[in-house]
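In structure tokens below, several structures.
Heads up, the next two complexes both have chain A, just with different partners, chain B and then chain C.
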Partner chain A sequence: MKRYVLMVIALIVTAVYLFPLYWMYITVFKSAAEMFQFPPTFWPQQAESHLRQVFEERNMARFLWNSLLIACGTTGVTLLVGTGAAYALAQVQNRWTSAAIFAVLVLQALPSSLMVTPIFTAFKGLGLLETPRFAVVIAQITKTLPFYIVLCRASFVQVPRELRDAALVDGASPMRAFFGVILPLAVNGILVSAILVFLQSFGEYVYARSLILDDQYQTATVGLSAFVGATKTDWIGIMTYSAIFVTPILIAFMLLQRKIVAGLTAGALK
Partner chain B sequence: MNKLLSRFPRENGFEITLAGFALLYLLLFAGLPLLYNIVLSFQQVDLMEPATLLRPFAGLANYRDVFSRPEAGQVLSNTLQFVGLSLLFQVVIGFLLAMLFLQDFPLATFMRGLFLAGWIMPGLVVGVIWKLLFAGDYGVLNHVLTQMGILHSKIFWLSDPQWSLYAVIIANVWLGVPFNMLLLSVGLAAIPADLYEAAELDGANAWQRFWGITLPMMKSTLGAVVSLGAIMTMQQFDLLAALTQGGPANSSQVAQYWSWQLSLQTFEVSAGSAVATLMMVLVLIVAVIYVRSTRNERMV
Partner chain C sequence: MDQATHRIQIENLSKAYGPVQVLKDINISVPEGRFVALIGPSGCGKSTLLRTIAGLEKITGGTLRIDGQIVNDMPPRKRDVAMVFQSYALYPHMNIEKNMSYSLRLKRSAPEAIRQSIAGVAETLGLGHLLERMPRQLSGGQRQRVAMGRAIVRNPKVFLFDEPLSNLDAALRVHMRAEIRKLHHRLHATSVYVTHDQIEAMTMADHVVVLRAGQVEQQGAPLALYEKPANKFVAGFIGSPAMNFIEGVVGPDAQCVLFGGAARQQVELGRALPPGQPVWIGLRPEHLRLQGEGQSVQGVVDSVESTGSMTFIALNVDGAPQPLLVAHPGTVTAAMGDVLKLYIAPQQIHVFDKTTELAL
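Now for the complex of A and B:
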């Protein structure tokens, strides 16, 4: 009995917490007249939707494409550079690597909104703002790389050391031991961390807003904030935009929920 | 350089190379900008002039300029309130939820996982949704609060200078709760069950068990969660951009947003970098505390 009382309480709490998401989705289906009613309706009276219209009018295809490119670039480089580093920092344990881990953890804390001042000034001087999406990728990696290394390192730590030693005794080079033995065992942790990096970069805002001056290269987040700034009251359109933008993220999250939870807790506390 | 390399054990050469790439990248694109920001804050920066490293030296003029602005006091107090109140509510709500979901009932882990949906959403979208919830005339928050008898008249959350900062804090708490809950759950789950059993045998009630066992055992986790929460709150930008943009009349302005506005909207890079430097010092102090507090349990 007590178990079911607790479950009902938990259900209510979860529903209250997720209410903002619910509100976004039902606003998508409200009619213009219903939108500004007070008291508001909690279920659309005459459901209609403008998915296609908003998608086309707000140029969402181009914005999403730019976000996708930036997210792919960021994730690709982070994976390529970060995986080896995460492995090395898990494998080798001495004063130097402790210092390196310390530096990585501290760098993870630097807010983009503060780093963007020197990065903007320097990139402008170096001419990097001519290739704005590339500039955002470079800047965003400074944020995702430490995050990825910390998360991934935790899954490399779980691979028993003896496996590498055995491979070395068998005559494998350190490189073969890494690619042939250890990497396949850590592939789960790598994938989850990479997906988190991807989702984070897909929704990135500060660097895109600051470093991309040409609308043509702008990302979905900046497109959304421009939309909000331009209309202020077309909430149905704004929520439709938001829903189109975040639904893939939420689906990816739902599919991987269990693994994401496990990966996050391992990286942050252990 | 060779001398330095030879200090490493030979068999780790491959691993050192791997780590080297990442560290070099971070040094170039995070370490150098960090230093460059400090340099900028002591220079007179004019973005219209061709870029050079050597600009006129300004001494402490930029810092004096920032502090002499009329909004400086308000920004300072807002930043403290923003971080302090966000932390307080995130940790308390996160703790309560963590304890709830640690009980044994059907779907507990699944529902706890659902909370992270809030964490995975782009901050800007969360801000935009909250902007709709906060709407003064037709907003659902005003409706619910009046129905519950908490409010008697509508609050204009985002355009009333008395409320704007608190509106941003509410949205930020919503965003931060899942992560807090998750980390606190891990800490709670690690407390040995026999401690509670022994205390129960000795006749301690639930309240006494909480103060006598749970809280003391959670001390290091709480330390990590609080410092991590402080870091994430000081990083918060997207919510501010979506909700109030620091307004009305700087009533919800905080340091990290102010720095960005100065540098990238009014192009006063000197002032912006001075604010950024001050704020970074604060973030780095908290980061060092965080790393050292988790390091004690770390198996390094």
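Now for the complex of A and C:
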């Protein structure tokens, strides 16, 4: 009996969480008249699709490409730089590394809206605004790197120290021990952290909005905001655009779901 | 002995973490083929000492030689030592064959040679049918064998064991103890074995080093430590059940020790000590007899435990900080509150100075 009650509660909570997603997807197929109809319909009466129209009119291919470039660049650099830093901070544990981790956490706490003005001024001085997508990658890394280091360090800490010792005694150089023994064991945690960094960068708004002045290099998130006008908002357009933007991410998540859950519980299995 | 015959030579070795001195002035020589046990209570530095030999910890003073060569600053991979860890430290993402061949593959040995030596070692350890398995699919005893096999395959100069049996259950531990001993007989590999279990040390090693608080208290053959402990700590640590101690004073005739406050008792030593000197006398539980003649110690029975083959009787004796334990073969009828006499030969009595705790 108790199990059924819990099950019903779980279903209700899930439904509440998923409702906005559901609403977005059905709105894509509604007409303007049906959308504002009262009482609202929960299934499109006369299905009509605006997908192709929005995708082409809004030049989404270019926006998505820019978003993808920025997200990939950010994730790549974060992985490259952050993994080494996380490993170093996991290996050596003393008050200096504690201080370093604290500093990293503080960096992460600063919101982008606060950081954007000094970054803009600095980047302008450095001439980085000439390559706006690169500028956004650099700015975004300041946010993702601390986040990644903290997450990734946790998965390195979980790798038993004796495994590294065993590899060193077995004849591995510290480098070989890292790539041959430690990295393969921390790879799930690294993968999960990398996916989170990618998603965070793919949906980034503040830096793209402020640092990219040429529309040609603008990202999908900024493109979405163009639907909101001073006098009128194109809700069907917003929902259609969002659906196109979100669906690939959802599919990727579903495909990687098993890996992600495995990564989050890696410590329990060992 | 010259240095060449010594596989490991440790001279005045010390190790400090900042101001904390964890190893002090250690001197140990391990001749080729010798099985040495490092033993001591937890936190005595025995594992740290083993890790300095492996090169996993830097030493801060003294010299460490392997095969006559100073290795103070040599990284572990160049020392040609193999180590068996307490947790076995098998690589979880490699199957058993890959685990055992890891070091050979790092050395870029020929694949055919690797295959042959793995097969040979797996055969001797009874692991032949497990080579394709992953470590997580193995039982504790099997993992332990793999950890041993991984070391043996390398044919190293020195084997280092860091409490390798402490994660096994009691029966398996006794079994593996014999196996390691047999293996050592066959391979004649120089081995350093860390344990906190003195029975392991006594039964397996040719040479036992007792450590306390980072210092060597005594080293020598197992029976030498049992028969002639250098101080009260070693006397209490070696032997099971542990030695009994009674506080006393050397009598005016210099030949006996007086103890027991009001109910004054005395034991003859069979040798002379300065009269009036405060001492500890040490009596091994297995040397105390319930029947006999000559001198005896009297006490009141506190508890009786019988295992069938042995009976352990604890007696309260004035002057002893803990009840005196007697290990008597067979079964004995005694009840709480009985007054018993314990007979002991003078040559089996150990005497230690009260303050320095050194053997007298």
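Just so it is clear, the second predicted complex is superposed on the first by the 250 of 270 C-alpha atoms of A that agree within 3 Å, B and C clash if a C-alpha of one lies under 4 Å from a C-alpha of the other, contacts with A are read in each partner's own complex, and residues count from 1 in each chain.
Following the convention adopted for this analysis, a contact is a pair of C-beta atoms (placed from the backbone, for glycine too) under 8 Å apart; a residue touches a chain by one contact, two chains touch by 3 or more.
Note that the coordinates shown come from a computational prediction; the quantities given were computed from them, not determined experimentally.
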* For the three-chain model obtained by superposing on chain A, do chain B and chain C clash or fit? -> fit
* Examine A:Tyr217 and indicate which partner it touches, taking first as chain B and second as chain C; both and neither are also allowed. => neither
* Asked: Thinking of the overlay built on chain A, is A:Val181 touched by chain B (first), by chain C (second), by both, or by neither?
  -> second
* Measure off the angle at the C-alpha centre of chain A toward the C-alpha centres of chain B and chain C in the combined model, and quote it in steps of 10°. => 90
* With the two complexes superposed on chain A, say which partner A:Ala172 touches: chain B (first), chain C (second), both, or neither. => second
* **Contacts of A:Phe29 with chain B and chain C, given as first, second, both or neither** => neither
* To do: Check whether A:Leu199 is in contact with chain B, with chain C, with both or with neither, and answer first, second, both or neither.
  => first
* First (chain B), second (chain C), both or neither touched by A:Leu163 -> second
* **Of chain C and chain B, partner touching more chain A residues** => B
* **Closest Cα approach, chain C to chain B, once both complexes are overlaid on chain A (Å)** => 8
* Asked: For chain A, what residues appear in both contact lists, the one with chain B and the one with chain C?
  -> 168, 173, 270
* To do: Show which residues of chain A lie in contact with chain C when the two form their complex.
  => 160, 162-163, 165-173, 176, 180-181, 184-185, 270
* Structure fact -> The residues of chain A that touch chain B in their complex are 3-4, 6-7, 9-11, 13-14, 17-18, 20-21, 23-24, 27, 35-40, 81-82, 84-85, 87-89, 91-93, 96-98, 100-122, 124-126, 138-139, 141-142, 145-146, 149, 157, 168, 173-175, 178, 199, 202-206, 209-210, 221, 224-225, 228, 235, 238-239, 242, 245-246, 249-250, 253-254, 257-258, 260-261, 264-265, 268-270
* **Parts of chain C lying in touch with chain A, wherever the complex brings them together** => 51, 54-56, 75-77, 81-83, 85-87, 89, 91-93, 102-103, 106-107, 136, 150, 154, 160
* **Residues of chain B touching chain A in the complex** => 8, 11-19, 21-23, 25-26, 29-34, 36-37, 40, 45, 47, 51-52, 97, 100-101, 103-108, 111-118, 120-126, 128-133, 135, 137-140, 143, 147, 174, 177, 179, 182-183, 185-187, 221, 224, 228, 231, 234-235, 237-238, 241-242, 256-257, 259-260, 263-264, 269, 272-273, 276, 279-280, 283-284, 286-288, 290-291, 294, 297-300
